[in-house]
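Across the two complexes that follow, chain A remains constant while its partner is chain B and subsequently chain C.
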Partner chain A sequence: MSSVIWYIYEFARKKWIKRFLDAKTDPEIAESPSRFRDFPQVQKELCISCGACVASCPSPGAIKLVRDDEMEMAYPVINESACIRCGFCVEVCPTEPKTLKTGENYLIKEEYRILPQETLYVIDDYLCIRCEKCIDACKVGAISSKDNIITIDQSKCVSCGDCIKTCPIKGAIKEVFITNIDEQKEIINLLVKSLEEAINLEVERVRKLPDYDPEKLIKLEFPLSKIMERALEILPDEEKVTKIVENITDRLKINVITWDEEKCKGCRLCIDECPTGALTYNEEKGVTERDPDKCLRCSICYQTCPFGVPGLYTARFLLRDGRILITLKPSQIRG
Partner chain B sequence: MIKDFIRKRSIHVCLICTGGCNGCDIEVAALLSKRYDLEQYGIYYHNNPRECDALLVTGHVAKQWQEKLIELYNKVPEPKAVLAIGACALTGGIFQQESDKTGAPVKNFIPVHAEVPGCPPRPAEIATAILKYVPGVLASYSK
Partner chain C sequence: MTYVPIGPIHPGIKEPLRIKLKTEGERVVAAEVDLGYFYRGVEQIAKGKPWQKVVYLSERVCGICSHFHPVTFIEGLEKIADCEPPLRAQYLRVIIGELNRIQSHLIANAIYFLAIEHETLAIYLLNVREKIMDLTEMITGNRVHYAWNIVGGVRMDIKESQKKKILENLDIVEPAVYRYRKMFKTGALLGLRSKDIGKMSKEDAIDVRAVGPTARGSGVKFDWRQKHPTFTDYFDFKPVWRKEGDNYARIMVRFDEILESIKMIRRAIDELPEGPIRKEYKIPEGSIDNRYEAPRGEVTYIFETAKNGIIGDITIRTPTIMNLEACVKHMFNDSPTIADAVAIYQSIDPCIACTERVTIVDEDGRKKDFRGMNNLRRMFTQGDER
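Up next, the complex of A and B:
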């Protein structure tokens, strides 16, 4: 009997009765909680069309960039039937605040961009005028100024190209290809060699003209099509080759040494001065000859020669409409 | 008339997994548990297609399943409804590829009346879809 009473007492606990009467469905059964990672919501106006979300998506066909002609930009569109709600696209979204939103993933900030890119944007400190327009233009805050030197943080950059569009100096921000390094080297060598050949030929011609003024600038043109065929054999991508050539010509400065054998008196003063042995005395002709392959363009011979046999010119370049414009300036160093 | 009335309140479903990772099947199994308690909504689970009104198809329709899925669909007595559940059944999801090994989506093989996206969908989403679409499909047969 006592055990029965004990059982009744045990089962009639106040707490238990209260729980039984208050029983209700867990609200999370019917409604998904706010932390639930649902299909991502897209806010078009924040998007910078970088494509990081598409690159991060593990499910084929779940997300793609759709072009909107009205807003003149592309934004991600999520195909719900293929989306697996992993939230990767939200995690990698570099905008602030995030374009895509789901669950609590928008709180996560990726430290490194995951976007696979062919190009790297770098600021050329030599040409930069520190106008800081690019800092305002950058949508992901990758550009910063420290000690009056403006740099691009490569881990944040999404290669959108907005900084180049705002930069007032041509060539101060460069779009550099990080692939095909060896091919790029070959193209640059080819370009510099053929430019120098063209300049040498032209200078010889210009100097013989009757109205030649040694103080005057010489302006030449070099059509890019001359080397394009050979460059395309090295790297079969015309757009890339043009870009590489443009990057190089913005900064390129060539010292050109011309050699006028007719003026040479055979004094041989220059031969001992030449650091590489590029100058040799030809006894048959009685003149000194120059080997352009060995020459360093150091201009020591130009400074040594009392007869003006070597000529020194500084050449600068500008790529425009498929032609390289060459400006040749006679050197300021007096011979 | 009375059959239609009863059918709306007791939907018998049969689950077919045609490949994939079984995640969607686990979510359907969760519906049977006490937490979700499928039967309180008038949905009854069978393993036999001959007894059911609605087919729940999950998975990316692997090659071995392609003929069998049509066979199973034909075994279901009319009126019948088909729900495709999960990203795999809708588009192939992460198994999507250019080959004959995956036949996704399910609607390439049998008519699909409702689609539940998600990888996997929440159990509540599956139950909502069954209650929302299956009675309508079943009723449309008698018209």
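Up next, the complex of A and C:
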């Protein structure tokens, strides 16, 4: 009995009970420090939808530009399950004041080149008509005109691509990927190889038509879907592959050499001229044969041959609606 | 002769790996270790990315030493660019780096004490560690992944009020560490389970290329901070070492390094020079082999940069791969009980997540032993013989 009295005496003390009633959390635990990097907060009204935050993010899929119909603008949305809270997007944001905020990172000014360059925007001075539309379109003031030459300041560029959209000349501003260089080379090699194969087959067919006119242009088509599957094995990004193909088709030029053995009289003039030894004389048939794997397409044999055995065609390309349009032109060089 | 397997999932070890112990009665005679449960392919992800993205990837190689991986990578980039960061940034890197080292050593010792079933001391150490974690959160904005280093310096400056808070917390941590160090030094039970267990001689340590506190506990007087310009020029750093070579020595080296680090942080705050904290760099093409002293030992980054700052081939080597080799080859071969084997394993402070760099498997998915030149040669020249 005495122990029960003791317990009541011990626990029913006024001071002891008061501690429970007035309990407060330690402010250090409840309040995060001023630098604490929480998930970035987005203020839609300041955004210029340049996409610098997306380009800078090291975590895939953590930040995306989502289009808002009401504001007619795209603004960043943060996926909290993928965000690693590095605060990089806040640091690169070019608006003043910043669209994104986290901790004290929004105080850091964008003085340094920390935005990773995956694409490089280059103005082709030869094609540029100096309309200066891109200068007005650029939201960060990276494009400037000096001595009538328009240049892009790479340290200010945020790779948003607005200049390409406004440019009236196709190919005057180019978007060049600087990552995945090895994969790009492989894709270009694949494209050139498959184009050449396709052209060779078609040229042989067209040349043997009865109403063939050697002065006429030959127009062909090559659907991009033929190589897409193999290209995606090299680089699994359909958008990138299309852009790489688009960039390369603008300036690609392929020389096609045809070989008509029926015309050959076996004079062997071309064999000594060939720089790689691609031409060999076949004694059984009495004609000269060409090895396309060794051939450089230099057209020396075409200029040497007095009987017109080799034919030289120049192919130019244009990408439109997922098809490559091919224009084959007989060469103007005469031997 | 019986074999006792430990792991891959086992309450005694924190991360998945398999240790196969060869025992005679209770006595452990030899051991084998089996890695390959944790491969993440960091190098493959890093290849072909711009350097700005790889800095944050390298931070995620290891969670405990999350300052040292990016700093090794960044210093390599700075060496390629042939430029030195501002002095204030170097001092700030020392402060955060040493805070990171303190918390890493505290948790390493705490896990060792859990392994020898001295939970009181373990929880004490974890409690002290919380003070250091608060400091890193206050300075950098996060407890674990700091995102604090960048090529050319650090991202944010330190404030006067923060300096004060660091000194305040260190005043709590230092006497506490002294107290726990004394408890470990004089406790009879702790000494019984630590002294003369898991012995490795200096020659063996050099032979298997042990690094970090594991090597320094065996009398190897080497620390990569001796060769680092910031530490040699402004801190006259001397490595902590002991000659016993047993579990006791390794734990004591870590305690002494904590005290050394506290001294260094105090000195850095006292002498913190004024000036900018960041410079701008352009990364040219080049290649580098850069090393740095992480809490567990030497971290190596060998990589090359292509045009426009794109990272080419990259190889990361973390300290645990050498220490694990040392542990298996020299420490396990005379441990009195199986319970001690777990304690020995924890005393080298293993970090399996950052060690798993490569696993070679054959066509059927079986793992292959690629250690040793003969095995490698057989694999690559004559095809599948075994």
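Here is the rule we use: the second predicted complex is superposed on the first by the 206 of 335 C-alpha atoms of A that agree within 3 Å, B and C clash if a C-alpha of one lies under 4 Å from a C-alpha of the other, contacts with A are read in each partner's own complex, and residues count from 1 in each chain.
Please note the rule applied: contacts are C-beta pairs under 8 Å (C-beta built on N, C-alpha and C of every residue); 3 or more make two chains touch, one makes a residue touch a chain.
Here the structure is a predicted model, which is why all the values come from computation and not from measurement.
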Partner chain in contact with A:P58 - chain B first, chain C second, else both or neither: both
Per residue count on chain A, the busier partner among chain B and chain C is C
According to the stated criteria, A:L120 is in contact with first (chain B), second (chain C), both, or neither; which is it? second
Scan A:N255 for contacts with chain B and chain C and give back first, second, both or neither. neither
In the superposed arrangement, which partner chain does A:R85 touch: chain B (first), chain C (second), both, or neither? both
Touching A:I178 in the superposition: chain B (first), chain C (second), both, neither? second
Check whether A:A30 is in contact with chain B, with chain C, with both or with neither, and answer first, second, both or neither. first
Just to be sure I read the superposition right, which of the two partners does A:F39 touch: chain B = first, chain C = second, or both, or neither? first
Following superposition on chain A, which residues of chain A contact chain B and also contact chain C? 36, 58-59, 84-86
Chain A-touching residues of chain B, taken from the complex the two chains share: 35-36, 87, 90-94, 96-97, 105, 115, 117-119, 122, 124
Touching chain C in the complex: which residues of chain A? 28, 33, 35-37, 56, 58-59, 84-88, 91, 103-105, 108, 111-118, 120, 178-183
Report the residues of chain C in contact with chain A in the complex, numbered from low to high. 48-53, 55-57, 60, 134, 137-142, 145, 147, 150, 152, 155-156, 278, 280, 282, 306-310
What residues on chain A touch chain B, complex-wise? 26, 29-32, 36, 39, 58-62, 79-86
